[in-house]
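The structures come next, written out as structure tokens.
Look for subunit A in each of the two complexes below; its partner is subunit B in the first and subunit C in the second.
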Partner chain A sequence: MNVMTENKLTERILSGSEAKLVSLAGNASARKNALDEFRRMGVPTKRHEDYKYINPEGLFRLGEFMAKANVVRPVTSHDVEEMTIAPGAAKVVIVNGIFIPELSKLDRLPAGVTVKSIADAVVSDAIAKKYHSTIANDSSDAFIAWNTAMNESGVFIHIAKGATCNIPVHVVHIASNEAASTFHPRNLIVAEVDSSLNVIESFDSIGPVKTLTNVVTEVMVHKGAKLNHYRIQTEGDAAHQMNTTCVVAESGSNYCTYTFSFGGAWVRNNLNISFTQEHTESHLYGLYVTNGNRVVDNHTIVDHAIPNCMSNELYKGVVDGKSTAVFNGKIFVRRDAQKTNAYQTNRNILLSDDATVNTKPQLEIYADDVKCSHGTSTGRLDEDAMFYLRARGVGEASARKMLVRAFAEEVVNNVPDEAIKAYLDNRLNHLMS
Partner chain B sequence: MADKNEILEEHISSEYKYGFVTDIDTEFAPKGLNEDIVRFISKKKNEPEWMLEYRLKAFRHWLTMEEPKHWAHLDYPAVNFQDISYYAAPKKKPTVNSMDEVDPELVKTFEKLGISLEEQKRLVGMESKIAVDAVIDSVSVKTTFKEVLAEKGIIFCSFSEAVHEHPELIRQYMGSVVPYTDNYYAALNSAVFSDGSFCYIPKGVRCPMELSTYFRINSSGTGQFERTLIVADEGAYVSYLEGCTAPQRDENQLHAAVVEIVAQKDGEVKYSTVQNWYPGDKNGKGGIYNFVTKRGICAGSNSKISWTQVETGSAITWKYPSVILKGDNSIGEFYSVAVTNNMQQADTGTKMLHIGRNTKSTIISKGISAGKSNNSYRGLVRISKGAKNARNFSQCDSLLMGDKCGAHTFPYIEIHDKSGVVEHEATTSKIGEDQIFYCNQRGIDTEKAIGLIVNGYCKEVLNQLPMEFAVEAQKLLAVSLEGSVG
Partner chain C sequence: MISIKNLHASVEGKEILKGLNLEVKPGEVHAIMGPNGSGKSTLASVLAGREDYEVTEGEVTFNGKNLIELSAEDRAREGLFLAFQYPIEIPGVSNINFLKTAINEIREYKGLDPIDPKQFLALVKEKQKLVELDGKLANRSVNEGFSGGEKKRNEIFQMAMLEPTLGILDETDSGLDIDALRIVANGVNKLRSPERSFIVVTHYQRLLDYIVPDYVHVLYNGRIVKTGPKELALELEEKGYDWIKSDAQNAAV
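Up next is the complex of A and B:
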């Protein structure tokens, strides 16, 4: 019975997608193959271990997000201005999954940094061609396959060997439609040997219409490169997001990722990092603040496939209202990946009796000379700390705010860029007032 | 150097010491599983109609289920359920009254196991007393100390005896914690279980001795399906021990048991297991598939259930002793040492389900992997909505010996109430060279140093075991890890 309805759902989505397929540019056979992969895997249900706590099937049942409609109103440069995170950043604007050059501001980019539409890049750029669809594997997840089949646009960011980009590249994703719909932006970031780059991806929505953004970002970090990758999710209550980021990191590189989930009705982040050469380092930071009926699910995979790499992960959550927060961190240490250091921490504060936290920090280790640990804790606000503040005349509400703020601050403090940090502090103050 | 090699050589060549076969006349059911077999087992045991009905219901449900294969971190060929004999019993009717009537071969078996009934008998009146119920090929053959226990009103007998003599208790409690619909192997067990132990501690009684069950698979081509049911009524206390061994065979044998524990108001049950089923040889040939469902319910307030397990045997271990914390202020504990060597695979852990108010649970799990084995901890802590002030602490440590083994942790934590506090921490490490160097310097050779360090690493769990078991467990740890370093 269940299998029947599940198949029907997949078929319904497929028939909609197939009809649209003919109108899409690019490699038609690659799109077709990806759609076949999607058919093979089907829409994940809560019976899939990786989607146990967040039911994509239910999401599609609510509304299929299949309509193709016009934007509520044209997104203006004023809107984009409002979404500024770091003043002075180069801006790439993607509205409903389509790269809009007119709204983007790329004139300040230094030499050695290339930013262009991915649709053009996969045709004209040798590097984009080389890496496109090689880092995110269609057969590993139905949403990646769906994106490969359906994506229309997105951005390709490339930084040349030894180059340093002194301003962040801000990719502004905006969802704004008049009927429920799905977008499939596809991005590719390639940092060449010894380069240094900061990329901010922000996700916003305009209007009350249900949208699903199924974004896939592939990241290639070459030897000795340094890449700070921020994802700031501040969408409205009608926005749904399926965010997949796949990273391959080479020797001596340092990839740091910062994920801030402050908005959206349904947010799922898949972050997969694999180390393919020795002496690679990666730091993963995440903060989710949820309330209402929101669902935020963070899945991370760090794959230590070779020896002498280091990964460190810190995810924290403040969970209020009737919201649900999910964390699943996987660390794989493959056979012979000796001298691996891998740490993982997940901490949550529950502020409401109706809120739920599901966490699963997972270690799979096949080598013996390693240092791996994980820890997770979930609880209410520290009563002793509360008492301390109350005894000194701080009102209950402010004391609570102060403690929650301090809890969240630990993640924000790890952000190296002062402008982004200031933005986040501001946003947190706003969220918690 | 020569000395060290000699010791290593000796250790590497040491084999499973419980791998003997006892020559007891055994009665088999024909291989295969169908309703007739279920009826055959029930008839053999002269069971009342309601028991047969229960078995048949379970069997029919089992037919609708699928063998679980994909979720656990285990890899093994599918079990052929039609190639197993579901009933094997020693032919000579065992008696419960006199030691002289026990089959001498059986007595020898127990002597080999080191739990001679004769010796146990001589211990009557002495300080260290253990009442033993021995189960061979899933039929209970001998229960000792029955009279002493009966004086206190404690019922400790084989499951089939209890079906006849205490049907009201069995009907009330059987399947109340692990219903036959629970999982594939619980359904199978409910349909074909041949025997097991039943224990009931009446109100306010503190059981004066450790109760113990020894399980042994003896015949080839059989599965062992026993059921244990322990009920501690209001204010009662019992400490229960379980030991398991099996002969060495080239084939894989199936062991699918069900253990149910009920602790009423103020009741306390402490359940300790030393599991040493035959793990298979160095190449992973043979060994027991140990697929066990163990669950307890703290039904009344202030009740407590504590699971302690030392898992060293079995080719594959799949078990999650769990506690449902339903009563207010109830406590659940899980202490585990799981050792895997050679080609063994273990996927074990616990579930702590917090439902009542002010409930507490502690999970201490120590995994040791050596050889080419894989050892996983899989646990669930769930704080239900309304489970006010629930508290959990979990610690899962893994020790890796050698670079071909694996240690994995899969902790599921689900929190639906803001007053709950849950902490989980896990570490993975190997034995430090500095620790070994320290021991070597003081004249302790490497092999012994490892034994010392491992015992220290497991101390938190071993301390929970009753004294007799703790000694056995320490020896077992040393034996299981022999030859894993060098």
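Up next is the complex of A and C:
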């Protein structure tokens, strides 16, 4: 694609977005500035290092996601029930990027936990105002800028100092439309000092219409807070997702993130974590199971800017059919970040000749007194293990399933919540049968 | 039980088995000895259905069926069991769940209902005792972190669970100390019956003090070159294989 058409594409998105911009509530000048950033950067293409394996330009080629009419295909409470992950969880339902209070279930939230529409929060809540659009930087990525310009709603989750939320907060994102369209949910999670919270973000779609969900979630983890953040992606074959999560973690905090990509035609996850204070810890787990023509791309960045922090990352993939999986894990250890511990592992099983894996660890280490390691592998199922199982009477299909399950289970076993783990096990059973 | 006629097999284009004949009747124990590299493990792998090995000539009949045509799993379901010379570790696959799946798939093949879970657990307990396998090991991932001896005992434990009609033990004794050897041999002896046969591949006569064979064969250069009673093992222990090698070479000229 030449520069001319690239520009045309960006222009087409811009003209569609500008037309809509006037109808959106909120800070008009902030939206306009963000759209200017989008214009400056343009839609990323193959030549853009961070998007070279799955250039999103292809997504927009036909302008398919730019329908003007946003006609919601109705979502029922039964639909939401079907999307349950942890039975006791509080639920926030976001349909096509819009917070729907009637479908949400927030009555069981304990004191100290606030969950509300971000559109309201950025007007009325001092903390939301303080952090909104400060963690995800518009000028760093066109999709963040586009979201800032276009978002209509999303959720603000706040947990007070020292509070513990004994039930998970489940944000149910649903794409459900009658015409092809793009949605821009915007979320903000703030965990105050010494608080403890579990957040599940799930992504589902209803119906055969093409959708693109361009979601941005900002996360602020204050001193000593513990946040487990799950991303469970089970959308249908017409759904596309651009998922950006930006995290700032303070001293003594522990941010654990779990990304399970089981569905969707095209899924790109950008997960950026930066440590701004010492003695901060973060664990990143990911599992993608792909088949058909699906594309799943996980880009993670852990930025060790200061000393004495620890990050540990494990991503695994089971890649079948004609699907494509990409893993890019950047770890920056800056000059001052002595005594950093940073570990990263990415392992992939290829189940088909037509599937593709691109994996790239990217460690940039500028400090000298650190412990860092990384490892990647992409291979077939172990033939010797297959033969061992079959020689005991286990059929080929079951043996294969057993080995793939064992491979995937290593990630699932790190999930601390039993209900979520049970959900994932069940889901994997279905995926692999 | 099993009848092997003129078996030729190659791996990566190289012929390893070069016209092997062996007939094992129900209830019999046959020992196969022979120098390293003569093809003993290859024979075991070919019989168990490993796909890297190509049978180029000959036939194998197992309980009236053409064994060569069966997949590895169907051979196991027909009652063949191979205790591996080098049992591999399979992290993340539970020993017990895997055995339960194996038993149920074997039962399904035979048109039987799945095993009752209580009955299964009772069977596990009973068979663990047979080879003095620690209950904790049975519940772990297949062979993961097991010592050499524990791996071999786990093989016999699995054999006891699956109750095959033909057990092929590939150097199950190697790497075992005398106590472990006795335990393993004891486990095998308890499984001996008029309907069940064994092919015991070994380097050492000492295993055959415990598992007393009906016949001893010497496998050399892809063929059975000598067959005798159990005393042949003692003779081999004393004299080594050189006299057999030269006999075989003379015969081949």
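By our rule, the second predicted complex is superposed on the first by the 423 of 433 C-alpha atoms of A that agree within 3 Å, B and C clash if a C-alpha of one lies under 4 Å from a C-alpha of the other, contacts with A are read in each partner's own complex, and residues count from 1 in each chain.
Everything that follows uses one rule, which is that a contact is a pair of C-beta atoms (placed from the backbone, for glycine too) under 8 Å apart; a residue touches a chain by one contact, two chains touch by 3 or more.
Quick caveat, the model's predicted, so the values are computed rather than measured.
Peer 1: Of subunit B and subunit C, which one touches more of subunit A's residues?
Peer 2: With both complexes superposed on chain A, more residues of subunit A are touched by B.
Peer 1: Would you check which partner chain A:A406 touches, where first means subunit B only, second means subunit C only, and both and neither mean what they say?
Peer 2: A:A406 sits against subunit C, while subunit B stays out of touch.
Peer 1: For A:G393, is the partner it touches subunit B (first), subunit C (second), both, or none of the two (neither)?
Peer 2: second
Peer 1: State whether A:A385 touches subunit B only (first), subunit C only (second), both chains, or neither.
Peer 2: second
Peer 1: Identify the partner contact of A:T356: answer first if only subunit B is touched, second if only subunit C is, both if each is, neither if none is.
Peer 2: So A:T356 only meets subunit B here.
Peer 1: Is A:R335 in contact with subunit B, with subunit C, with both, or with neither (first, second, both, neither)?
Peer 2: first
Peer 1: Applying the touch criterion given at the start, work out whether A:Y366 contacts subunit B, subunit C, both or neither, answering first, second, both or neither.
Peer 2: Once the two structures are laid over each other on A, A:Y366 reaches subunit B alone.
Peer 1: Once the shared chain is lined up, is A:P307 touching subunit B (first), subunit C (second), both, or neither of them?
Peer 2: A:P307 sits against neither subunit B nor subunit C.
Peer 1: Using the superposition on A, tell me which residues of subunit A are in contact with subunit B and, in the other complex, with subunit C.
Peer 2: In subunit A, no position sits in both the subunit B and subunit C interfaces.
Peer 1: Taking the complex as given, what residues does subunit C use to touch subunit A?
Peer 2: Touching subunit A from subunit C are residues 48-51, 71-73, 75-77, 81-82, 84, 87-88, 90-93, 98-99, 101-103, 105-106, 109, 141-142, 158, 162.
Peer 1: Touching residues of subunit A toward subunit B in the complex: what are they?
Peer 2: Subunit A residues touching subunit B: 49, 335-336, 338, 348, 350-380.
Peer 1: Within the complex, which stretch of subunit A touches subunit C?
Peer 2: Residues of subunit A touching subunit C: 382, 384-385, 387-396, 398-399, 402-403, 405-407, 409-410.
Peer 1: State the interface residues of subunit B toward subunit A in the complex, per the touch definition above.
Peer 2: On the subunit B side, the touching residues are 71, 73, 385, 398, 400-430.
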